[in-house]
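Right after this note come the structures.
Here come two complexes built around chain A, the first alongside chain B, the second alongside chain C.
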Partner chain A sequence: MRRPSTLTAYAFLYLVFLYLPVLFLPLFSFNSGTIVAFPIKGWTLDWYRKLGEQDTLIQALWNSLGVGTVVALLSTAMGLFAARAFVRYRFRGQRAAEGLVMLPLVIPGIIVASSMLVLFLFIGLKPSLLTVVLGHTFLALPFSVSILKSAFDDFDASLEEASYDLGVGVFDTFRRVTLPVVSPGIVASLLVTFTVSFDEFVLAFFLSGNQPTLPVYIWSQIRFPAKLPNVLALGSILLLSSVLLLVLAEYFRRRSSASGVQ
Partner chain B sequence: MTEKNIIELRGVEKRYGTFLAASGIDLDLKEGEFFSLLGPSGCGKTTVLRMIAGFQEPTKGTVLIDGQDMDGVPANNRPTNMVFQSYAIFPHLNVGNNVAYGLRGKAPKAEIDQRVAEALEMVELGGLEDRGASELSGGQRQRVALARALIMRPKVLLLDEPLSALDKKLREQMQFEMRNLQQSLGITFVMVTHDQYEAMTMSDRIGVMFNGRLKQVDTPTTLYARPCDQQVASFIGEMNILPAQLLEENGDTLSIDAKAFGQMEIEKNPNVATSARDMNIGIRPEQLEITSEKPEDYPSTVQGKVSNVAFYGENIHYHIQVAETDKPISVSVPNYFHTVDFNRGDAVWLGVQSASVIDLGTDTE
Partner chain C sequence: MGVWVIFRSEASRGYTLSAPATAYVGFLVAAPLLILIAYSFWTQTYVTLDKTPTLKNYSDAFADPLVRHLMLRSIWIAGAVTAVTVALAYPIAYFIAMKARKKTIWLLLITIPFWSSYLLRVFAWKLILGFNGVMNSALLMLGLIDEPLDFLLYNEFAVVLTLAHAWAPFAILPIYVSLQKIDPSLLEAATDLGNSPFQRFMRVTLPLTIPGIIAACLIIFIPTVGDYVTPALVGGSDGKMIANLIQVQFGAANNWPLGATLSLIAMLSVGFVAIVFVITATRLGRRIR
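Entry: the complex of A and B
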């Protein structure tokens, strides 16, 4: 091994700068004092215990879980067809189509959020969980398309041909060969898109009306200093579950790559 | 093999944009024959196979299988099955379910199980039903792919470079096994390959393709002895191609001046399209005699110098530079007594019988 260089030191400092603030969140969630500052007064699990007693919080959690689930299913289903088309076929306007699908990654969220709100109001759709689902699906689609595209990239096209050749039609081939072979990619896409939706704030803030999702609820609670430790506890749980979901998703994504290798 | 045509291609053409992948393909394949499409990569042989399988539609012409026009018939409704170059073993299914794949829902379970067992027995994988797809070796994958296709009892089995993924020893063993399998089943096999030895050892007939065109269709021995032109001659085995002049044509005999080897009478090659005054002749390296003294029992001889020696084990290849030709002449001698008789720089004589000299006609291209 090489001895640590200035570059290593830089990388270390960079990571500390990036993740230390995030680590303060769980640290202070165990602090018995209500002020978020050192020194820590004492250790407690009270803030976690109190989470279960707050009905509006539980309602917001259910809202988020529901929206996340529907968004994951919708964007993964659409991403599946889009990804297969992008990898398998060459068609006119393909690059433009691929670019347009990926666009939500780079458009500022505030622009998307405000223009969607205007659009939905214009067509008479009141802000609700439904509009949040629509907005989040738009946002999550690039994630599911790119994950599933890599799943299809590793998928030997002659597997589908072999199935046709053995007398099985297009629909049954999709069900009996395509879906099972890309299923790890599908699971990865479901997990990632769920997480994207679950953590999203700006669109949800604009489009949720009086049905807040969890991040919107948290934002509303930050105004009350007494509630802050509570929010920290909730945030820590969200942080942990998001990381777990993404690790799980990455595991499945790699498994989908590995299964394609002959 | 019967005289009945199982596959007929009539004026088949496949065009991708401006690129002509295959054109003017007319081909009759007999029931029960082992036929190979041979050619360099990109010559259109796989395109022809895929048009028979139904993965591609011809731009022009007709494909008939067992007398039925296949126009508009998708791959899943054709009486053909295919062994893919990558073998395309379904990674999420075990061996038994891979082989049973095409029968699921079309036969009772007990019958499927029995047919799977028989098919696996046939490819010498008996009892491996529960083996996972990822636990198979290259040779086993190939056998599973064969069993999976043959269990469908196709009229024609299509094989796309079936042996190219295997190592040399296994490839040679599978050549014999596949040939035996084909003969015991009596099914027509159509194989695509770029390996001339593979094609020659396994096939009843071979179709040689270049640049999207079918150049010659013949038995391996005829292809080797009477190739239709220089291109085919040098693709099938090794061939010394020498310039010659046509002096006189007498029925089936040509009187020629073979430059280096002098004047001789050779048999006219019926597969050659045109013969003009300037023509080419071909001599196989193993049909030349190499000696240190002028060989008495050979009517045509030439003197030269050894420019290269290559020891192959079962035979020895010499390159002989002669005054009359630009390229050295290749000679192959069997290794009879574990000796290499000539070295670089040695003066030698080459002799040939006129019966070994092949008329290659005049290339118009």
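Entry: the complex of A and C
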């Protein structure tokens, strides 16, 4: 029985490797010294207090929230239809279509970013939050499709058939039977796609023009050592909110699986 | 309700419902690619774009030793990242699939850090590995070293370490799925036939997880070749990759045709390496079996 125990030890070490680097950001965001190194000089909340005074930061936050919301709605709407098509219906070219929708996951970021910049300028769209929305929706779509596919997987099709047999129309059946059952999946997809957009940097860097999103703003601050504590405080808030959103998403995703079984 | 008659057949419903998503992704893959190809045959002097088709960008790119150097280094670094990440991840996937009691908790624990901003995770490594950074200061404080180590940041090592951290779940999940699929009776049969646990692993478990390993390698290798953030933040001048050069063409150098050409060359190189890899790995997998 020695093998499992070394393996377990390795697993816990691996968790430390995964979590420790990320935890240094919040740790040093409370450091009163401006250099990120041990020993920690003292504890302070000043860096967090100063965040609210920065207008460009607040503007970037609003940009990110706006982009994230629109991206979440667009990609979840398209993902909802596509996921339903992929799970419920069989048609020629289905596997190719499913593969195509997953493609944004594996194209290198720099190629997506540079080629979209060229496309948008070619058709006369100046880099702005609109082009960021279009790009992020592309990136978020595979996430919403795969989440919603598993939501529909767990959905018993005979419920819909029963509704049709009882004379309920297509739209009403979707609204009153399908939607309530897959709604936790929809919420999970909205949360995940929002976070994908909220955290994304490279595409936004290329496509945002002079309307920076929050990661683009952080990038512009990283170069200045004097701004470091600010970045740490802001980064810690972002880390915490991303994790909270996704734990919430996971909760809804689980609920969607659970309700499908009933 | 008359409109719905056309949507009666299963297939047409499938097409209609999946059309928005596939059309959107299809358009945003194909259209930029076509324009990128067009741009790669054009030339640009300062702000004027000359649309006379020419192969000048390609001959420039292939003649430039910097391009060749950065392309080869990107592929080498991506290969190293892939190997390190998969090697570190395999035991974890094995642990979760075969040994762990609370599988879902472990899977959740593994994926949570991935959901934090990629930019911030890379930035965290920059702070950790820096000359006056977290690691050096901690080691100094503990008295393990007398002066800061200067080989931690701004080199290929930093890039590989940072990306092995960033890609962890992408390696663990596909391998985990392929381990889950193994029929336990195969393992029992191997034991009954007198295989030691090690032999059983090499003859049954490992060959059956080759599809998972291939998937993990592709998911990591392809995006890594074109990674911009990590080489820019922790790579220094020794760790720069092709994406950094492409960004310069679209930014400061303002030579979009050359940038487009480099993007295409990068894409083709990645595709070529990936195809060669899949073929070799599949053959190798058959031979073990």
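Just so it is clear, the second predicted complex is superposed on the first by the 258 of 262 C-alpha atoms of A that agree within 3 Å, B and C clash if a C-alpha of one lies under 4 Å from a C-alpha of the other, contacts with A are read in each partner's own complex, and residues count from 1 in each chain.
The working rule: a residue touches a chain if its C-beta (ideal position, glycine included) is under 8 Å from a C-beta of that chain, and two chains touch if they have at least 3 such contacts.
It should be emphasised that the depicted structure is a prediction, and the values quoted were computed from it without experimental measurement.
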Fit or clash - chain C, chain B, common chain A: fit
Contacts of A:Trp219 with chain B and chain C, given as first, second, both or neither: second
Partner chain(s) touched by A:Val181 [first = chain B, second = chain C, both, neither]: first
Touched partner set for A:Glu161, first chain B, second chain C, both or neither: first
Contacts of A:Phe91 with chain B and chain C, given as first, second, both or neither: second
Which superposed partner A:Gly169 touches (first chain B, second chain C, both, neither): both
Which partner, chain B or chain C, touches more chain A residues: C
Which superposed partner A:Asp199 touches (first chain B, second chain C, both, neither): second
Superposed model, angle subtended at chain A by chain C and chain B (C-alpha, nearest 10 degrees): 100
Closest Cα approach, chain C to chain B, once both complexes are overlaid on chain A (Å): 9
Residues of chain A that lie at the interface with chain B and also at the interface with chain C: 169
Chain C-facing residues of chain A, complex: 3-4, 7-8, 10-11, 14-15, 17-19, 21-22, 24-25, 28, 35-39, 77-79, 81-82, 84-86, 88-92, 94, 97, 100-101, 103-119, 122, 134-135, 137-138, 141, 145, 169-170, 195, 199, 201-202, 206, 215, 218-219, 222, 231, 235, 238-239, 242-243, 246-247, 250
Parts of chain A lying in touch with chain B, wherever the complex brings them together: 156, 158-159, 161-169, 176-177, 180-181, 183, 259-260, 262
Of chain B, residues touching chain A in the complex: 53-55, 74-77, 80-82, 84-92, 101-102, 106, 148-149, 152
Contact footprint of chain A on chain C as seen in their complex: 1, 4, 10-22, 24-26, 28-29, 31-33, 35-36, 39, 88, 91-92, 94-96, 99-100, 106, 108-110, 112-113, 115-121, 123-125, 127-128, 130, 132-134, 136-138, 140-141, 165, 168, 197, 218-219, 222-229, 233, 242-243, 246-247, 250, 256, 259-260, 263, 266-267, 270
